[in-house]
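Quick one: structure below, then a few questions.
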Amino acid sequence: MNLNPFLLIALCTALLAVLFFITKLRRVRGQLSIIEEALEDIKSGNPNRRVLARKSDMTKRICYAINEIAVKNQSQLIQQKQSEQAYKRLMTSLSHDVKTPLASLFGYLDAVENGLVAGEEKEAYIHVAVEKACHLKHFVEALFEWVKLDAKEQIFHFELCDFNELIRNIVAEWVPTLERNHFEYDFDIPEDEYFLRIDPHSYTRILNNLFQNVLMHSGGNKLILKLLENEQQVEIIISDNGKGISSSDIPHIFERMYQCDSSRSARGNGLGLSITTELVNAHNGKIKADSNPGMGATFTILFPKAL
Amino acid sequence: MTIIFTEILKWKRNKTVWGISILTAILGVFAVERACSISRSNPLMDSFGDLYTLAFKNLTSLFLPIVLGMFATTLFFDEQKNDTLKGLLIIPVSKAQLYFSKIAVVILMSLGLCLFTFVICIVGGLIAGGFTDLNTETILQAGLLFLAGGALIPVAMLPIIFLATLSKGYILPIGAVLLYLVPVVLAPSQLMGLHPLASVMGIYPHISPAAIEMVNSWTGNAVITASPMTCSVSLLAIGIISTIVSVIVLQKKTF
Amino acid sequence: MCSYVIETKQLIKKYGEQTAVNAVNIHVEKGRIYGLLGRNGAGKTTIMKMILGLTPVTSGEVDVFGQNIKGREKRVYPRIGAIIETPGFYPNLTGRENLEIFARLRGTAAPNAVKNALDIVGLPYRDKKLFSKYSLGMKQRLGIANAILHDPELLILDEPTNGLDPIGIAEVRDFIKDLSTEHGKTILISSHILSEIALLADDIGIIDHGVLLEENGMEALKRKNSKYILLQVSDIPKTSLVLERQFGVTDYSVQDDHSLRIYNTSLDMAAVNKALVVQDVAVISSQLCNDTLEDYFKKITGGEGIA
């Protein structure tokens, strides 16, 4: 037992160092084989694959770079898939929502042509057919507008205009319609000028859609419009006293083709709010809905002043 | 390597670690206090060897085994208590890796405490003064003794760590630590080569002359029959068996 | 290419005499959300644990990414993120420190993974709060952060909304949905709440007393969920004319050249059939479909229903 203890310690240290390098080497080798496998996987069409690296790994940078490429690749693929799905949805909605009015339109015209009805009834049939054709036309128009918006192909013409004045003009056009439908109304629009950069045409569409919505779906008899303006943003609040929207529907009403009555009523086309949302988004705005079922619903639109 | 490092990270802000360090410091300071109060002419404290063996004895005879046993138990048990085991397993960290990393932490802890006491001894020796033999050679001898104690005691504690992996609570392994210590306190010399802790004691005398004196006073001058070779072999053998059994038990255990 | 990310074959788990999971065959398709629905103690967690290899399988097989997981843990686990039961973390560390431990051990896909994961689940990065002081909701969020830390392809989430408040549940739900649609992740999620699964899942597996009662696409189930009369006739335009003129029905939709759905289920079908026959329209079939999801689940779980 005359071994020098210091020599022993030195030996141990050397051994440990060798061991350390061997494990390091093995780790790198393992990592390389993992990278190889992952690359093979990504190549065969799985952009979800990631290569994980520890902070101490020599291959860290390579791994992160591979992941970055995969992430980019993946988001492209997903975008592509989403637009494909949108297209598919469009086709189904075309086939369903166009087929129904088209079939009934055909039914009416067929009856008239074959002389199944005569006199006043014939007149009534033709009237219904015209109405149906009109509805169909509106639907197809709305659909194309939505498609254009969805594909980001709509061109907006933003210009600086007096926001209050614009609203007054839109509202004025609605007054006769509201009165005809026995609606009470209350418009609270400031007198002074308030300039904002917007696309007047789309803005008119937004308000028209919301008004239309209240008129057709709320079931109430009162419409209130309020404007809250300050330095940063303008808030437009449109509320009614109708039947409201149930809380389980609220998250979905801005989705395309969503209609609250699961027994889709023949009126409306389920595109209005979806188009509105797209238009509001194009203005960097926000839209939200609140409702107490039975007490009416409130739609709030926010536009930032600096566009 | 990373696993061991994260094991250490897990002990951040932990009160137990602080408690253990403070207790170790107190024990070290206690030995230094003896050195200050006992005159250099007294054979009990006439050399630096007396000081460092006293501190070493204070640390390693009872305190270190108990502390390491408890520490290892919490190390294994907390992973279960915090429900973090399943999180680690699906990384995946294998149970064997986990076991070895925990053992490494126990050994590091033990070495750390020993070196801490070693430093206290040197500083204490300088403060108390009057040690004629306080030179590089004795300091190195002391260092070696502490290093040996720090490395060997955890190995001797492996059977207890096995119990810690086996049980579902703190009580069994901590009780076992105490039982484990009793025979060593009663009859250290006879057990050398059989009981791991006693075997460790059988190895000390071959490290420094002061250690011979220490072990002699410890065992009451009993004749040491077991050779250091048998002691080391038995220590290693028991350690390896415990390790293998622990890993197997861990693999089998589901939760 | 096999598109199942998880496939179990006759999976059985016995605890002593008791059978916890009995011959379960689950098929989780790539890029979809698979909801495992069942009451507490039905065996959902056990199945997930077996898929992850956390608990030994009594008999049967589990394939993940098309291969048996046994012996390939090191290659397969890094591609999975999971929460099983309540997430476990170290109480003496902050949320960030906890995640850093796991990130260090597993490796990450990007340099700032911990911060990203915390941002996504809405937990602060610079926070001194220890995990032991976390609320149940925060713990759950941290668990989700840990599951997505390494940007895995497959997420296995066991009751991820447990302990969250209603707003938190909605947030987590949106975020899981987003992971699937925007990032193409495959997700296996379990819950005892029907509405939760109904809102999230693309496919659904219903488990009761350890037995997989039914595995189905959510689309198919939702179709079962509406009330309507399916009418198959020889001439759609004529039928629509009869419906509109004689019965005043407007809420119907044309499915294809020979079938339409009438959403007014209280309609007197005998009279409709008679009127159609008079108009020379052959009625091939007419059937009433009215199943709500709840009814449906009651039916397949043997009348007990689900939570």
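The first chain written gets the first letter, and so on, giving A, B and C; residue counts start at 1 in each chain.
Methods note: a residue touches a chain if its C-beta (ideal position, glycine included) is under 8 Å from a C-beta of that chain, and two chains touch if they have at least 3 such contacts.
Please read all numbers here as calculations on a predicted model, not as lab measurements.
J.: Farthest chain from chain A, going by the mean of C-alpha atoms per chain?
T.: Measuring from the centre of chain A, the most distant chain centre belongs to B.
J.: Point out which chain occupies the most central position, where each centre is the mean of Cα atoms.
T.: The most central chain, going by mean C-alpha position, is C.
J.: Indicate the whole-number Å distance between the mean C-alpha point of chain B and the mean C-alpha point of chain C.
T.: Taking the mean C-alpha position of each chain, the two centres sit 53 Å apart.
J.: So what's the Cα centroid distance for chain A and chain C, whole Å?
T.: Chain centroid spacing, chain A to chain C, equals 23 Å.
J.: Would you kindly tell me how far, in whole Å, the mean C-alpha position of chain B lies from that of chain A?
T.: Once rounded, the distance between the two centres reads 66 Å.
J.: Multi-chain contacts in chain C: which residues touch at least two other chains?
T.: Those would be 78, 104-106.
J.: Give me the residues of chain B that touch two or more other chains.
T.: In chain B, residues 2 touch at least two other chains, as defined above.
J.: Of all the residues in chain A, which ones touch at least 2 other chains?
T.: Residues 54 of chain A each touch two or more of the other chains.
J.: Can you tell me which positions in chain C touch chain B when the two form their complex?
T.: 52-56, 73-74, 77-78, 80, 82, 84-93, 97, 100-102, 104-106, 130, 146
J.: Show which residues of chain A lie in contact with chain C when the two form their complex.
T.: Against chain C, the touching part of chain A is residues 34, 37, 44-55, 57, 63-64, 67-68, 71, 74-75, 77-78, 82, 96-97, 99-100, 102-104, 106-108, 110-111, 128, 261-266.
J.: Residues of chain B touching chain C in their complex?
T.: Counting only chain B, the residues touching chain C are 2-3, 5-6, 9-14, 78, 82-94, 254-255.
J.: Quick one: in the complex, what on chain C touches chain A?
T.: 1, 75, 78-79, 104-111, 150-153, 181-186, 226-228, 236-241, 244, 250-256, 260, 263-264
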